[in-house]
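Please go over the structures that come below.
Both complexes below contain chain A, partnered by chain B and then by chain C.
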Partner chain A sequence: MELEFMDIQVERDCFLIQGSGIFTPGIHLVSGRVGSGKTTLAMIAAGLGMPDRGVVRRQGIGSVMLSMQFPEQHLTGSTLESEIASWRLDPDPVLALAGLSGRGKDDPFSLSRGELKRLHLACIFSRPFDLLILDEPFSALDCRGKMTTADQIGSIRAGITIIFTHENQHLPRVDYLWEIREGALVFLGSVPEALVGWKNKPAVLAELHKRGVYPKNLSTADILEAACRTHD
Partner chain B sequence: MQDARLRLLTVIILSVASFLSVAGAVAAFFWWMIFTPGIRTITKSPFALFFLGFTGSVSALLWFSGGDGISYLVRMAVILLLAFYAYSGRAPGEFLDLSVWLFGRKLGFDIGLAAEMSLQGMDILSDEIRRIRVAFQLKSIKFGFRSIIPAAGLLIHSQFARAEEQADLLAVRGYRGGGMVCPGFTRAKGDLSAFLSAILPLILAIMPVGDIFILLQ
Partner chain C sequence: MIDISNLIFRDLAIQKLRIPPGHTAVIGPNGSGKTTLLRLIAGLITPSAGAISIDGRHTGEIETGFVNEFPDRNILFYRVEDEISAPLRFRGISCRKTLEMADAIIREADLSYLATRISKQLSGGEKTLVALLTAVISSPRILILDEFDSHLDQESISISMDIIEHTGAEYVIQCTQNMDLAACCDQVLYLSEKGLQLTGTPEEVFSRLIQTCFYPGLWRIRDGT
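Right after this comes the complex of A and B.
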């Protein structure tokens, strides 16, 4: 099972994004600044957008899901129950997972964006997908929500998961690291080896880098462990 | 046609001509063919085919029930083509300029602002429809007749929410009615000739074609 970008390029006025690479099973983190083209790449990866040049090849991938940045963009139901049912899921466990038990009859628009994001992610994580693309999964969430989401992503074991984000505080454990640098998608390699070459790394990692310390992965626990690590 | 004032006046004249008679509508269609980007004005609007199809259906119903469906189809289709031309040719802020130029900084500003917000809402509506289709696609739900009610509910809800946000924003910025705008208009070389040519369909619509030939003799 793999997704391959073969010399893809998208150009819109002053904006250009290009890249090549193969996404294999595991969790991939694609890091990039705001406006660097993450959503464009996410749409292309999901088959909802086409590159101006190049080819996107999918091999052995059946089910595909794109989680868009804004949770209201996924709404098709007029109550929380009907929204969850539209994902072909049983409402009660999903509501419990989202921390919204007993609110099945509520209007989705009566929720805050953070609550809606929790509900949307609960729906996403309740079903397995061959290719799961998460565009800014931490947006609209508070610190606790981000940490829970990072744990949930980190526990995905099957298929290809690609996270497109500019988040640099609460991240999940990932297998592979990518970075968007000046309009180009760059594969940095497997984690933790890839952390050395991460150009726009989070401030905490940059600080650890100065001390010559590298965490085993990107979760809060891994970073804490690295920060508290004593040299032999 | 770059001058918004001439464009509006032209569209009004041609719409009246089309509404009054089939001859006026046919002449207005020829004007549309000559002076506008033609078919490209339709492809720019996602609603164009829907409205043209709807007009076609109403015309067919009229025809089957013994009414003059053909006349209705010709006249309404040309009016729609002119409306799509006016819609596709507009630039942001143009209606505000035009309205202030016509009605002044109090009433004109309010009407212009409402028109600009409505037009912006139509653009957003197109994006929302596209977004809802993607949501249905991602959930592997066929976007069909059964989707209309939930989709319409979402659209209405999001439009109300946006209207509320815009109202709050205007209030925060101190809007109490009226405002300062210095309208500016640019005129292209062919604008005046296009406008003057639009008078011919109106003459054709008002005067029976036979009378025109008598006058010519």
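Right after this comes the complex of A and C.
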């Protein structure tokens, strides 16, 4: 199973993103600045957008899911129950997973944005996908929600998961690291080796590297373990 | 001083709270009422009971800039430069002066490349930056920011903080899930599902949260915890 970008390019006004690379099974993290093209690449990976140039090749991929950055853009139901049912899921377990038990009759827009994101992610994580694309899955979540989401992503054992994010505090354990640099998608390699070459790395990781401490991966547990080592 | 007394709005109840001038971070779990508190202070909603006064005046009587947590809800106009200019145009400021001020603030923020773009086609982070410039262009006394940084990368947050610092707003009240950012503010309010739990300087508030994930990551490295 793999997804390949073959010399793709997208150009809009003053915006340009280009790159090549193969996404194999495992968890991939793609980081990039605001406006660098993360969402554009996510849409292309999901087959919802086309590059101006180049080819996107999918091999052995059946089911594809794109989690959009803004959870409100996914809504179709007027209650939490009907929203969950629209994913062909049983509401009760999903509500429990989202920490929203007993609120099935509520209007989704009565939730805070973080709660809405939790609901959306609970729907996503309740079904398996060959290719799961998560566009800023951590935005709007509090630290507990981010850690839970990171754990849920980290527990995915099959298929290709691609996370497009600028999150810099709570991340999952990932297998591969990519970075968008000045309009180009760059494959940095496998983690942990790739962490050293990460240009716009999270502030906490940069601080650890400055002190000569290298975490094994990006999860909160890995960062806390490394933080303890700074005082060895 | 922002004075809140006997406030009730839906599930949010605050008996007494005083927010001094400066940069205040509002932190806490999702659903704890942070957005509601911000909207009450901005005068966008009215409390069911109790009162909020800002330097002795009612909310809404003082020029307030507000950035919504939903980026699309901030945008009204087709082009970015029209969006950013809108608060000045609504005040009847001359076209020449409006254009000068919009151009200046866009250049200072290093966002000239966005000026002629179509607002709806921007990325979420770009929309947030445009919303911030729109909120500050009329130099409000109060600037209220609802988790706008969740759409931004580190460098964009740093640029935004510079913009905010130079607005001259007397009160900046910012809801955030970035605890390293909250740790740099003058004061911190911590809300939980049970209401307002902690207020004080970052040191005072975070010292009570050391066992939780709300403790700033950079402080953990500093402390070796």
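In the analysis below, the second predicted complex is superposed on the first by the 229 of 232 C-alpha atoms of A that agree within 3 Å, B and C clash if a C-alpha of one lies under 4 Å from a C-alpha of the other, contacts with A are read in each partner's own complex, and residues count from 1 in each chain.
By definition in this document, a contact is a pair of C-beta atoms (placed from the backbone, for glycine too) under 8 Å apart; a residue touches a chain by one contact, two chains touch by 3 or more.
Computed from a prediction, not measured in an experiment: that's the story for all the values here.
In the superposed model, A:Phe109 makes contact with chain B only, not with chain C.
Using the contact criterion defined above for the overlaid structures, shared-chain residue A:Gly183 touches neither chain B nor chain C, since it reaches no partner.
Once the two complexes are laid over each other on the shared chain, residue contacts for A:Ser78 go to chain B alone; chain C is not touched.
In the superposition on chain A, A:Trp87 makes contact with chain B only, while chain C stays out of contact range. Set side by side, chain B and chain C differ in how many residues of chain A they touch, and the one touching more is C. Of the two partner chains placed around the shared chain by superposition, chain B is the only one that A:Met65 touches, whereas chain C remains out of contact. By the document's definition of touching, neither partner reaches A:Gly26: not chain B, not chain C. When the two complexes are overlaid on their common chain A, residue A:Gly54 makes contact with neither chain B nor chain C. Contacts of A:Leu224 after superposition on the shared chain: chain C is touched, whereas chain B is not. The intersection of chain A residues touching chain B with those touching chain C, taken from the two complexes, comprises 72. Per the touch definition, chain B reaches chain A in the complex via residues 131-132, 134-139, 141, 147, 150-151, 153-154, 157-158, 161. Listed in rising order, the residues of chain C touching chain A in the complex are 28-31, 34-35, 69-72, 113, 117, 121-126, 128-129, 147, 150-156, 177-180, 212-214, 217-218, 220-221, 224-225.
Considering their complex, residues 46, 48, 65-66, 68, 72-78, 82, 86-88, 109 of chain A touch chain B. By the touch criterion given at the top, residues 12-14, 32-35, 38-39, 69-70, 72, 111-115, 117-118, 136, 139-147, 166, 168-170, 200, 202-204, 207-208, 211, 220, 223-224, 227-228, 230-231 of chain A touch chain C in their complex.
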